[in-house]
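So the structure is just underneath, and the comments pick up after that.
Chain lettering (A, B, C and D) follows the sequence in which the chains are written, and residue indices restart at 1 in each chain.
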Amino acid sequence: MRIGMLTSGGDCQSLNATMRGVAKTLYNELKDVEIIGFLEGYKGLMYEDYKVMKPRDFSGILTEGGTIIGTSRQPFKQMRVIGEDGFDKVAAMKKTYKKLNLDCLVILGGNGTQKTANLLREEGLNVVSLPKTIDNDLWGTDMTFGFQSAVNIATEAIDCIHTTAASHGRVFIVEVMGHKVGWLTLHAGMAGGADIILIPEIPYDIDKVAQAIEKRTKEGKRFSILAVAEGAISKEDAALSKKEYKAKLAASVYPSVSYEIGKRIEEKTGQEIRVTIPGHTQRGGSPCPYDRVLSSRFGAAAAKMILDKDFGNMIGIKNGEMVRIPLADVAGKLKMVNPDSSIIHEAKALGISFGD
Amino acid sequence: MRIGMLTSGGDCQSLNATMRGVAKTLYNELKDVEIIGFLEGYKGLMYEDYKVMKPRDFSGILTEGGTIIGTSRQPFKQMRVIGEDGFDKVAAMKKTYKKLNLDCLVILGGNGTQKTANLLREEGLNVVSLPKTIDNDLWGTDMTFGFQSAVNIATEAIDCIHTTAASHGRVFIVEVMGHKVGWLTLHAGMAGGADIILIPEIPYDIDKVAQAIEKRTKEGKRFSILAVAEGAISKEDAALSKKEYKAKLAASVYPSVSYEIGKRIEEKTGQEIRVTIPGHTQRGGSPCPYDRVLSSRFGAAAAKMILDKDFGNMIGIKNGEMVRIPLADVAGKLKMVNPDSSIIHEAKALGISFGD
Amino acid sequence: MRIGMLTSGGDCQSLNATMRGVAKTLYNELKDVEIIGFLEGYKGLMYEDYKVMKPRDFSGILTEGGTIIGTSRQPFKQMRVIGEDGFDKVAAMKKTYKKLNLDCLVILGGNGTQKTANLLREEGLNVVSLPKTIDNDLWGTDMTFGFQSAVNIATEAIDCIHTTAASHGRVFIVEVMGHKVGWLTLHAGMAGGADIILIPEIPYDIDKVAQAIEKRTKEGKRFSILAVAEGAISKEDAALSKKEYKAKLAASVYPSVSYEIGKRIEEKTGQEIRVTIPGHTQRGGSPCPYDRVLSSRFGAAAAKMILDKDFGNMIGIKNGEMVRIPLADVAGKLKMVNPDSSIIHEAKALGISFGD
Amino acid sequence: MRIGMLTSGGDCQSLNATMRGVAKTLYNELKDVEIIGFLEGYKGLMYEDYKVMKPRDFSGILTEGGTIIGTSRQPFKQMRVIGEDGFDKVAAMKKTYKKLNLDCLVILGGNGTQKTANLLREEGLNVVSLPKTIDNDLWGTDMTFGFQSAVNIATEAIDCIHTTAASHGRVFIVEVMGHKVGWLTLHAGMAGGADIILIPEIPYDIDKVAQAIEKRTKEGKRFSILAVAEGAISKEDAALSKKEYKAKLAASVYPSVSYEIGKRIEEKTGQEIRVTIPGHTQRGGSPCPYDRVLSSRFGAAAAKMILDKDFGNMIGIKNGEMVRIPLADVAGKLKMVNPDSSIIHEAKALGISFGD
């Protein structure tokens, strides 16, 4: 068998562990298998930029962050767009697939990547995909790999901020990754003991945020910590059209939302604000043990799909068991935080404010 | 309301986070609530050794390992046994409960603790319990708090061993906690990339273990790493009666199983063996973010049971949601690793040997 | 004896460990000693806001970040300024000292704090001080406590960025604390394997920075990492007067220098830039073992000065040994990175660019 | 130029970082340089087992534990011993050196390794060496690389034990590496807040150890933690001849000293004891930032010695500056903890017992 493999979209901590899982299982179960690693995501597939992998390439990478075959962002929207030079991306990917005589393509990625994977499936390629994202927003799986590692890093930032906030008596904002969904901010915020959590799914009222801070001040607490998602949005802004909001963001002088939220809180409460942007550190470093186990299981289960010649699915985890979810069902859907879910109610019971 | 609270059995990382979850929710939801912390587990309840807790006692403990009210091991077997001095433990506990006019007892603990909690329920006390153990062996819940933190520590030990093993070309044994069940060893072993995993549920054949090591040597790999549970058992020993095996262990000159397994491997393969015993470090340190979120949710959900006056249950998590499991169902059952489960098959597909 | 104690200025990780060192030694060596903790730095001394400490207050804090007695910034410049309400800060501090009948004041802080400590010494108070700062810029000591802990956090950020930078092929800036001196950026940059390090002591030429990045690109390296001090300054800006530069900074739309440096690099090289601001996380979390040993030694040695009634000194470390440095020598001096020192030459030999 | 390189003896965390420092500097400063990596220490030099290194081999290894060229223990004592097969080790090493036409040999190692390096120097080879050891026992340098990383791991073990010890009220022993010297145990013990520290340089009296524990119990402290070096020795045993003591150790049923010390304490105090053996984890994992900076500096400075053709020295650090120490001075000397040094007095002032 000849298997292509690629990692696409924003990177995360457990990509290598997942590829290792697929590869180790294939090498163990098949006498004759060759794995082709396409470099920098779909680009490598388009432009025939690849490396013939050897078993030792997958050795010792369980704990390595990043991806040994590189990645790049290739927006799904542009996949069908023919370039000025007449370059047809989809046709090129199909051509590479045929030319290399591949039996299957193993694709690791998030939402955009899964959409393109589904497109390739529709175009007749054998595709097996795996759910990568620190955002945990992929439909059809309880958990994505990368998420818990990112939670750890964001939480560590909040932990560090805790001691300094307590010493000085200040308000701190830790900006957590997540433009569209708030899973990462919610979990890191709860784990870090944040007092206020702002996520895209629950638009905030800046007055309620200020009140939550002032309530703490009145109770004699010298500091407050906010975990704010990159995509946190005020009630006013949530009422705007998508286009209007984009224009507003583009016109902002602030490099990210937290600076603006900080300024508004400062105006309302008169308290000193400090902003921390852990940024891309949240995608980096060694995967946590949870992710390594999950990735190893995902990898073994994805390899099993290949052995079964059961193509066109993304591997996922449901209730602790590996499941195969048709790509047609996954593509284009987003798993968001439900503002009325039990975890939100539990967080509120603990006294956390969502500014709503 | 007046709530008693105690932590019993071997400690773990997220006890304080869990108690904080219960307390914060109760303080938020009830105008008038007093929490009594019994010191050193059931002993405090027996001997009226307690502390009236204040809200600030539960502040800042989300990240603190250990338990702010202490713990001790009080074997379930001896609960009904009357002491030489005529001391009746169960009667004493009931007496304290009545005397302090408690509305409910919140109990955090593992298997033995849950059995005693059930006994107190049978004796008519209002009991709410929470699943604490690094072993993850409590029936009725997908996950216990403490487990993932312990996985992290055991994995870190294996990670460290990896670099030194690779440098020297040696066989290393890392002994992981778990006398009866192998969840911790299984997860840490998979996360750490162990080559061989020995757990109580899958008795090993020392020849197969030696073969797995020699196979690696033949493949040019300079080292092998074994993750061995404290309760790892050979096929011969598994055939003994419980009594015979206990006698055998008691007669052993080795402080723990790994030293003996190491010696036998040395004899069979002629390779140099090194043993590492992380021991009680696996119970210690700050809880990992995963456990802090789980504990916070458990705490909030247990408080909700109290508010609902729904007593006699242990809180658990099933498919991501909080569930209430009758203590009568929990008590006396053990959740073990099924040697025929998918995770074991996945681990084997990855090339891990279980010595069977 | 009756000893006052205070922590002043920006907090750091090992303040508690240091106070514990002083306190444990005093309690061990003296039969009769009382420690008064002034709250929130010099403010507590001015306004008689204090707590009578007990031995158990200093127990278990070796590993705790922050400061158990709080801190605040009290600019040295304003110490002699009489408030509108006629409040004389220095007189107030002296009054508290006399009123409480103190034998000595133990002061933990950085540059500004040491200046005020020296002022109090000049005013006739018995003062013993300890060198706290993540900046390592105190004159008279090879090392300050807090520095190595901060190096660890900043390095961890660079480590995380490494894996994501390598995956995507991008230029990353990690902004490290340090407005006036570059020790933290230099050490974290070297430890994290940064390709370019920009510090206040070595003004940069943006063209040289761009060239260093492009050189790497030409060599086939897909990414570059810059460790940039908060106080990094271009050659042009370094030529401005202090006043002009302050005005320029104040007029900038960017919340910190890295965003502007990033934009200029983007313009020059056309490469995608990402900025990470670990910010106050660098002051937070548990002190690293190095700092705990250093703080314990500092604490014991400061207590020894008290026992010897040798006042008016800051404790420091020189060539591994504890030394007593007259406050009069310390106050107002800054220990900066010498651009011609051996560590800079070593860093350059390793291929690191300083943009000069 | 043609440079040979080898790592010998027990591995540690910062070997790769050091080799990278040497290599990066040589590649930067010399147009034409080739580095030969001998595999598994002196064995590779003896048996011509080597790999021609390329610049990219040294890329990305700053943070990697272990050694990319392997190591092995080659006792100095046997270097001059001719094998039964007539194999002359020293002659073989010289032959390889000449055959490969090497200009210099870069040797990374501890005490034994430095002795052999000196032997090779005496035999006329150009040798440059670097001080590797977690023990920090090399004469002539204030610090060895590997030491601070090992301190971190041992301290983390003690930190974890702290929370569990406090919860249960028990006596814990953490056995720290170090057969001959106690630097690692001393630093980890101080950093971890151990109550009792036993090191080879200060023979202990088991009664004094028991008294120190009982003193704590009387003061109401529920637990005690001992940091015990592998080479901790009682006053009685210290009075034995070396030969007698070796025989005694060999006859012991205990795999390491801590088990025996634990048993004796149990007998004397009646308290429950638990033993933890972090073992080889102390040599493993990623080097800490301190070690990475030190190793980078050592590497650059060692390369400078080569460029200067100044052979026959070990690089070291004295008062923060790189120094060149003649191998003839280093070989055969041990830097031990002085029981009368200031750090020991400071530790005792803090209340730590050394059992003396």
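Odds and ends about this structure:
Following the convention adopted for this analysis, contacts are C-beta pairs under 8 Å (C-beta built on N, C-alpha and C of every residue); 3 or more make two chains touch, one makes a residue touch a chain.
Here the structure is a predicted model, which is why all the values come from computation and not from measurement.
Separation of chain B from chain C in touch steps, taking the shortest path, is 2.
Chain centres here are C-alpha means, and the one lying farthest from chain C is B. Distance between chain centres (mean CA atoms), chain A to chain B: 31 Å.
For the pair chain A and chain D, the distance between mean C-alpha positions equals 42 Å.
For the pair chain A and chain C, the distance between C-alpha centroids works out to 35 Å.
Residues of chain B found to touch two or more other chains are 159, 162, 166. All chain pairs that count as touching, in label order, are A-B, A-C, B-D, C-D.
Interface residues of chain C facing chain D in the complex, by the touch rule stated above, are 21, 24-25, 28-29, 60, 62-63, 142, 148, 151-152, 155, 159, 162, 166, 187-188, 190-193, 288-290, 292-293, 296-297, 299-301, 303-304, 318-322, 342-343, 345-347, 349-351. Note for the complex: chain D touches chain B at residues 7, 10-11, 13, 15, 40, 64-67, 70-72, 153, 156-157, 159-169, 172, 222, 253-255, 259, 274-285.
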